[in-house]
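Each of the two complexes below includes chain A, the first together with chain B, the second together with chain C.
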Partner chain A sequence: MSRSLRPLLATAVIFAIAYGLSVMQFPGMFSTRVLGNFLTDNAFLGITAVGMTFVILSGGIDLSVGAVIGFTGVLVAVLISWMGLHPLVAFAIALIVAAVFGGLMGLAIHALEVPSFIVTLAGMFLARGGASVITQDSVPINHPFYDWISDLLIRLPGGGRLSFIGLLMIAVFVVGALVAHRTRFGSYVYALGGNTVSASLMGVPVARTTVAVYMLSSVLAALAGIVFSLYTSAGYPLAAVGVELDAISAVVIGGTLLAGGYGFVLGTFIGVMLLGLVQTYIIFDGTLSSWWTKIVIGVLLFLFIVLQRLIFAASAPGEKVAEKA
Partner chain B sequence: MSIITKLALAAGLATALSSGALAQDISGKVVGFSQIGSESGWRAAETSVTKQQAEERGVDLKFADAQQKQENQIKAIRGFIAQGVDAILVAPVVATGWDDVLQEAKEAEIPVVLLDRGVEAPEDLYLTSVASDQVKEGRVAGQWLVDNVGSEDCKVVELQGTVGSSPAINRKKGFEEAIAGHDNITIARSQTGDFTRSKGKEVMEGFIKAENGGADICAVYAHNDDMAVGAIQAIKDAGLKPGTDIKVVSIDGVPDIFQAIAAGEANATVELTPNMAGPAFDALAAYWADGTEPEKFIITESKLYTAADDPEGEYERRKGLGY
Partner chain C sequence: MSETGYVLEARGVVKVFGNHVALDKVNFGLMPGEVHALLGENGAGKSTLIKVLTGAYQPDGGEVLVESQPVTLNNPQHAQTYGIGTVYQEVNLLPNRSVAENLYLGHQPTRYGFVDRRRMERDARTVLARYGLDLDPGSELGTHSVAVQQIVAIARAVELSGKVLILDEPTASLDRNEVERLFDVVRSLKAQGLAVVFITHFLDQVFAIADRVTVLRNGRLIETRALTDVTRTDVVRLMLGKDISFSGATALEEARPAGEVLLDFRNYGRKRSVHPFNLTIHKGEVIGVAGLLGSGRTEMARIMFGADPADEGEVRVAGQKTAIDNPTDAISRGFGFCPEDRKAEGIFGELSVRENIVIALQGKLGWFSALNRDEQMEIAGRFGEAMDIRAASLDMPVKLLSGGNQQKVILSRWLATDPAFLILDEPTRGIDVGAHAEIVRTINRLRDEGLALVVISSELDEVVAYSSRIVVMRDREMVAELHGENINPGVIVQAIASNQTGASA
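Now for the complex of A and B:
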């Protein structure tokens, strides 16, 4: 077991070294402000990435999450600003819509035996198109409830702040980790990602689990959409374009096997923080092109794929996992 | 008209103030600049000019390209605050959703200046905004025509920008304001050329056919330089001389139009300056020197360029900016 913790450890060590080097260059990066920003600025990405971790653990992929964030933001903004609903009612509607949407995708993947890649690609177009049909503009949300939530923060010494959405992300990670590692549903998800056929032979309810995984991913994406609307106090149909790819990167950098069946929710958290660190470093530097973020993420991804391959080959020679990876 | 005069006065005052403040030394200050991206030539030029302006003043500019995403802009602004920069410049990608992060900057006592676009946020959350006045741009173009045709009859054809876009609406409005009261100048035809070169050429070809092979057209007014360049091509194809047989006046001041002016094929352009950062730095300098609160809306100069304004030199100065 300790050997299989290596990818997680590798991510943590890389994060620690990278953060240490950044702080040596820019001492200002070691401050409560920056740490608070890590949580607040990456809240929507982190919440999405928890859902993505489950999907990838189950051996699938969900390309629709970025579009679901955009759609949810617009839906919530329209319900609040145009229809006059209370934000909490709008949130409930948005989460239910997303649950149905994700459930249908899961159903299509299982029943039609279509690759999740194609089904969720269709879902992505549907959600993004739907959001843009509702409105092309950014819809502002002006509601006392939104002001109340954005005032809901813990001020840290040194000017940092723990925002509601940052804390919400941590809560989602904790609950996600418990579900993945401590519940029957979690073990089903791992079994599904290991091998669908043997999972079903072992009595794993494949249909139910598949539907539940995509439902969970869409609901968390919708929650991320709500967080995004809190973050910007607006709904914008082109919000969070490409976030699905950032989420996948965070999951893989966090040590989860892209083929499924192996990984940790905590690893994804470190993956998200690592992506945030790269962006923050480039902002602090202020002379590098922001496109270097993409290059660094690309290098990290490649590094982790190679690393996983090496670790699995070394730790479990001849085992199934090694062939699968 | 009185509001316009006031605006013009405000702009003049702002320029006067800023030129006075230029003496203030702001070298060594650290300023963060969150740019939208590089979606157009003008945007790229704005980035280059901002970097130049910072360098001239000895300002350490931290530049962050948001790749068209608001979340990246918010992150960049938060990052700048965490770094403890002295001021932040933002060219906001959308108008909404800035209240929280601007509030955070305000609490950290970091002045924020908006460049070329406004936001829907309480005015006390930012120091000032620097932008152009699109109606004025149209007015300057119209005024040039009024001054140049004298009392002769003049039929103008107009190439509009994208239907419904604010520059198209405002530049049309300004032009009409300028020619109002001059009955010898009439807009004979007006159609959209979508701000593109190819569409500008196509629409101009139609205008020429409809107006007696172009013989009845005295001038073409294009809402941007690209359409004017297309129209020049159409005029040449029809066997007429652009700039002489048909006057050409447009807006933006991109390098290509200066080449056309130098060749005598275009007559005038009104510059939409990419130098939004200069006035912003001046306002900051004054603010830091003695706490002078600048005007809330600084309007950039809409300068007219003709063949008399060294078009070759203007072309040379602009071609490296990334247009």
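Now for the complex of A and C:
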């Protein structure tokens, strides 16, 4: 196991160093306020990234999550603002729609033996297109329930706020970690990422697991969409464009092997926080263009791919794994 | 109905792929407490029969009975619930997961819905101890040797099934000691009343462990016999349907004068791979490489071919000092390499036989002189015929061919480049007796035509049969070079065994 722990450790160390350096430059960054905002601002990305972690661990990829976030936002906004449904009912509908959507993608990937890349790319266009057909504009949500949730927070000493959506993200990570590392389903996901043929010969329900993985990813993306609508109090069809790529980056930076089979949900959490840190730093600096975020993410991503390559190529008997990467 | 006493039985099983009949009304019965060898050439239908018995394939006719009750086995997992477990030639486990999880995947002990990892690893330790393995159940499977992985696979199959154990060429990648260890395990399982199906190409092993033997040929059942009343020759005759002589017959090659020096490796080696070795190779000479698994045989071949570049020493090709840093260098100097792992490193499974044959030649010609289809057909046809490749069409994907034919395709690929030097790594592994003999004949023919060959093989009888010289590898080091009358299995075993410090486990 130590081999797969190494990238995780590297991420944690890099995060600690980067955070330490940032605090040295801007002491204001070491506060519960910043930490609380960290969680709130990245909640939707974090939740999405948990689903993405499962997909990547299973050896696949899900490009549709950003579009699902956008679609869910629009769907929820329309159901609440136009149809007058209670938000909880709207949430339930959105989650069910996403579950069906993800399940169908998983089914297509398994049954048609099509790469997940292509199927979820189609899913991405479908969801994004669907959202834009419903409405082209931003649909505001004004509902007492939304106000109530926004007020739901834990005040931390030092002026920080632990918002509901921040806590929700942490809950999703905890549950995600338990499912990935402590359940049979989790072991099946790793099995698929390790070797699909072996997995099926060992009796892993490949079809069911594949469907479940993409269903999970879409449901979590929809949950992220709900969180995003709570965060912005609106639904916009072009919301969260490119979030799938941020999520993939967070997963890989968090130490999960892009080829599948190795990684940790906790690593993804650190990955998301690292991305958040870069953004926060740039806000604190004030003079840097926000596009620097992308450059830093690009550098980090590249660094981690090289790191994984080195780690998995260095340990001799694992040659097969290295070949796959 | 239970008068047969069979724990697992196939009755009149038929399996058809397209218009190819893979199994034609085959009957097969397995008694509890017996080791039943299943023999046949490649393409005889062994694998298909196994897949039907384990639920991987559904029979198109006939039925499968477990304890005399007809059953439908939907998949290998379903077969497992009937007590049928399988271990395949390639280790079909998960290198990325822990040993314990590989033992229990799908059956992990749980508490409140969560996997009880501590209990799983404790149980795993107990189970592994019974198979003579003392290792950390929490360690990643991929960090252990293939032999250990294979034993873990057997442990898994037995733990989860418990009535029938199907071993599909489990010894193909094990060395002698490990095979013995495996046999001890099989004997004790047999004593516990387990029925074992044993598929192998090694007749020695069949006679060492099996009680009965069933022979298949071209998808038909030839015969099931008790091994007490058959001889080796009988079995071979049943398998091939004809008499073939098995005499090594090479002593006469001894007197041949060595050709001129083609290759000269001096202090050639690579750190953490192979200790520097000296080897001179003449034209018209076959150098056999013997040694246990993990002794550095394959590594040596890869260095010679530039697949892993050497970082020490020098090589002279026909007297010229030169550098071979990658396979392209090697090919341009007339080298060819048939790797050990045919499926992963040799064939392009999805490509046609024709494309597989011309690809090295095309690589040698370069980008700008593409062979057109007619030229490709002509070349592929010529070698297909010369090598007696049995394929329905040269345009069929090479993955559909049997192992022996795939090997011939790879050989043809290199012969098409008109090589001076060929490296064959385990050319006869996983190949049936008939194709085996053909490959050996081809090696002899190429030598007579003046090629220099390095042939790596675990089968001593075979190495002895065609080698002009034999080098012995041990612990990544060349430890002996045998000439003349020293070329016999006894001496080789001694060379391998002397000062032996534990096999690769």
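Going forward, the second predicted complex is superposed on the first by the 319 of 325 C-alpha atoms of A that agree within 3 Å, B and C clash if a C-alpha of one lies under 4 Å from a C-alpha of the other, contacts with A are read in each partner's own complex, and residues count from 1 in each chain.
Keep this in mind: a contact is a pair of C-beta atoms (placed from the backbone, for glycine too) under 8 Å apart; a residue touches a chain by one contact, two chains touch by 3 or more.
This structure is a prediction, so every number in the text was calculated from the model and none was measured.
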Clash or fit: what happens to chain B and chain C when chain A is overlaid? fit
Now for A:261: first (chain B), second (chain C), both, or neither, which partner does it touch? second
Apex chain A angle, CA centroids, chain B to chain C, rounded to a multiple of 10 degrees, is 140
Touching A:143 in the superposition: chain B (first), chain C (second), both, neither? neither
Counting only touches as set out at the top, which of chain B and chain C does A:182 meet: first, second, both, neither? second
When the two structures are overlaid on chain A, which partner does A:201 contact: first (chain B), second (chain C), both, or neither? second
Quick check for you: in the superposed arrangement, does A:190 touch first (chain B), second (chain C), both or neither? second
Shortest Cα gap between chain B and chain C in the overlay, whole Å, is 37
Residue set of chain B touching chain A in the complex reads 32, 60-67, 69-72, 74-76, 78-84, 94-97, 99-100, 104, 108, 120
So in the complex, the part of chain A that touches chain C is made up of which residues? 1, 3-4, 178, 182-184, 186-188, 190-191, 193-195, 197-205, 261-262, 315, 317-318, 320-321
Which positions of chain A touch chain B when the two form their complex? 26, 28-29, 31, 33-34, 37, 40-41, 44, 138-140, 150, 159, 161, 228, 231-234, 236, 239-241, 279-280, 282-287, 289-291
For the complex, give me every residue of chain C touching chain A. 56, 75-77, 80, 86, 88, 92-98, 101-102, 105-106, 108, 110, 113-115, 117, 138-140, 142-145, 156
